[in-house]
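Heads up, the next two complexes both have chain A, just with different partners, chain B and then chain C.
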Partner chain A sequence: MVNLDKENKILETIKTTFNVEGRVIRKNRVEINAKKDIVSSILLFAKNQQGYIHLNHIACVDWLEKGKFELSYIIWSPTDKITIFVKTLIDREKAEMENIDNIWDQANTYEREFREMYGIQFPGLVGDFEFILEDWDEMPPMRRDFDTNAYAEKTFYQRPGREDAKDVREELTKQSGEVIPDFAKKYSRE
Partner chain B sequence: MTSNNNDKQTIVEYIKNWSRKHSLFVMAYGTGCGAIEIPATMTSRYDAERFGIRGAATPRQADVLLITGYLATKTLKRVIRVYEQMQDPKYVIAFGSCTINGGMYYDSYNTINALDRYIPVDVYINGCMPRPEAVISGFVQLQKQIAEGNADNGTKYKENLEWYRTNQTKIIKNWRMPDYNW
Partner chain C sequence: MVREKETTLYIGPQHPGITGNMMVKLKVTGDTIVSASTHVGYLHRAFEKLIERRNWLQSFTILCRFCVPEPDPMELTYARAVEELEGREVPERAEYIRTIVMELARIQAFLLWYGGQSGSAGLYLVGQWSVGDRNYVLDLFEDLTGGRIYHMYIWPGGVRRDLPKGWKDKALKTMDYLEKRLDDYDKTLFDNTIFQKRAQGIGVIPKDKAIEWGVVGAPLRGTGIKHDVRIDEPYCAYDKLDFIVPTQEGGDVWARALVRRQEIRQSISIIRQALDKMPEGDFYNKVPNPMKWTVPAGYAWAKTESVRGEVGFYVESDGSNKPRRVHVKGAAYTHGVTVLEKILKGQNIADVSFILNSLGVCPPEIER
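What follows is the complex of A and B.
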């Protein structure tokens, strides 16, 4: 039997302090779902009082159907060896999130990337607007409603010869009997 | 490009082309993933130096520019600068299917699809990735073109500069590049 005392303890501490939802995913993995206003307080609390001093990563997922961006702040404690995912949903329209680079300096890099690739604004964020892209004047390219195929066709010269390219997934699913899920069908070439 | 100038060459041109084809200095500049095949081509197993192919440190010393694999729009700007700094005679070898038609990045927003729209290409090597044998075969093809006196894409670039610039500025919208007086 896996002992999850450590995980439950930190989860309970954060849950009772901030009145948020959360769960223990498995050993050494804790997930917390919070509103966007209190994310920075949770991170600061975890960093200063619970020893979660290391920011592993900040990840962004575009939930186009829900109209939301999901930001995951992934932090780690060298004493507990637990990774906490602090997740929050923000609106896709006029996406805005609190700037946390005063808690961790390296968050600045992630936030600049999100500003450029997803169009999320971080008020007070210092840094050049141009980060990975150069001379970009379209919609932020990592948003899922950005049609990269249409953009490539419009911008780059297409050499003829690709017209007879087939969607090999259909052949493969015929062989294995697997079904292509609906959400994946829109990426089909037909 | 004419088919064969071999008979029309003077003895001076013949010697000039013969010596050029046996000392191809390759610009040490890797774009994309294909650059990983170059160490294998250069080192003892395939030993490209027996064909006179070796590395050069700067664009002004180099004869051949290898475009190894996919070319991001950001890298294209640097490639154009490198190409324009190279002295005549200069040759371009495009490497891998990404330079031919985009390869697996054909629908990507930040990689170009056909290299010969932006700089003139002498030899295309297909494959993803081409093995060192294919790379050497491409170089031998280039040597053949040089010996026949057909590889003069440096002049072709100068003559058609306007057409190339139109295509280049379509990608590089904010054109802040030096002008060379070659």
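What follows is the complex of A and C.
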């Protein structure tokens, strides 16, 4: 029987302090579901009073069907060896989330990434606007409704002579009169 | 008092001392760095977006490209996340083979790091030796997986194939050879006054801030803090093997180098033990037809210890035949941006690539 006392204890502490929902997923894994306006308070409490000093990761998932972004703040305690997922849903329209880089400096990198890739705004976020993309004026590309195929067709074009996407090797052999051996032919597009 | 003029200096993206396609923008007065900021985006290929358009197995061709010097932890971490979502069991033999693959990956990444770290100190001989020796490890990978760099060998449910005939003997002989070579590396690098003088006291990560800054792996253990995913949350067969997690005090480039140096002997020991204790049996728990394979809805967070530090995969499934989201956290995401920017302040321009190498920054992990 797996002992989940430590997991249940931290879950209950956070649940009673902030009146939020949560569950123990398995050993070393606890999930907290909170509204976005108390996420930073939970993180600060977990860090300063419960020893969850390490921000492992912040994950973002686009739930296009629900009209929401899901942010998961993954924090870890070096003493308890437990990972807590603090999850929250925010609206896709005018997406905005509280800036937590005053709690962990490295959150700044995640927030700059989400601003660029999902269009989520973090008021007070300092840092170059461009993090990964350059001169990007399209929809934030990690959104589910960003059509990569349409973007590629609009932005890029075939080199002259490649419009029909023919196999260059075959075209060249036709011109030079070479014969492609059978074993190589099976990879051709025709 | 005369105020020195502040100059902006760009190191990278094309620079021999930069560990990939990234740029560090420096503000300097004289030779001293006043501030640093990391700029990435030079090889952004939208790996995570591409994975959303592929089925659960097709993702493997992309995953290994998150970090060229060390692709295996990516495969393992993703496979473990998918296994957790599915509740899929992994045969014990496969767990031992995975352990061996992970430690071989650690050794070859270490040998490549030797080259980068010594090269950035001007000691090119060590790098030529280590990259030559790395080829013996890549030979083992080629025999085992068919590929030298990218393997796509670890899959959900186990590994793709069993150890080939004679591979165990070859692996043991390679370990004997590499163990002997460590003394040569010690003489040429660690006993070398140039390296010692260059590495000691620079790029210091303060012990009391290390975990809070998101430092992981050898840089964390170089500050004296003993954390390693292999011990904290054991996976594969690590809980059945004896090994120690080396630590050093100081948090400087020298401490990080010593930790890596000590780890390599542990990796050799782990491989020998795993080859010895490995049980007979299945090496693969078959997955359904990949084109029709659906994974139950939910999310999983798996983490693995790579030579650069902790690698984490957040994998979300909506119950379909493609991942809804695979969000990758590599060690470089913090090491290469906020940690690097902090510890470069006050350092000399000549030490930038030296410090960068010591953190093990892999730029594709940042921009993914």
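The rule we apply is simple: the second predicted complex is superposed on the first by the 157 of 190 C-alpha atoms of A that agree within 3 Å, B and C clash if a C-alpha of one lies under 4 Å from a C-alpha of the other, contacts with A are read in each partner's own complex, and residues count from 1 in each chain.
Definition applied: a residue touches a chain if its C-beta (ideal position, glycine included) is under 8 Å from a C-beta of that chain, and two chains touch if they have at least 3 such contacts.
For clarity, every value in this text was computed on a predicted model and none was experimentally measured.
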item	value
Touched partner set for A:Leu64, first chain B, second chain C, both or neither	neither
Touching partner for A:Leu44 - first (chain B), second (chain C), both, neither	neither
Touched partner set for A:Asp135, first chain B, second chain C, both or neither	first
Larger contact residue set on chain A - chain B or chain C	C
Partner chain(s) touched by A:Ser72 [first = chain B, second = chain C, both, neither]	second
Contacts of A:Lys81 with chain B and chain C, given as first, second, both or neither	second
A:Trp104 touches, of chain B and chain C: first, second, both or neither?	second
Touched partner set for A:Val126, first chain B, second chain C, both or neither	neither
Partner chain(s) touched by A:Tyr157 [first = chain B, second = chain C, both, neither]	first
Chain A residues contacted in one complex by chain B, in the other by chain C	133-134, 141, 148
Chain B residues within the chain A interface of the complex	73-74, 77, 100-102, 106-114, 117, 167, 170-174
Touching residues (chain side chain C, partner chain A) in the complex	37, 39-41, 44, 46, 48-49, 52-53, 211-214, 225, 227, 232-233, 299, 301, 303, 310, 312, 314, 316, 324-325, 327, 329, 333-334, 337-339, 342, 366-367
Contacting residues of chain A [partner chain C, same complex]	28-29, 53-57, 59-62, 72, 74, 78, 81, 83, 85, 104-106, 108-109, 128, 130-134, 141-142, 144, 148
Residues of chain A touching chain B in the complex	133-135, 137-138, 141, 146, 148-149, 151-153, 155-159, 161-162
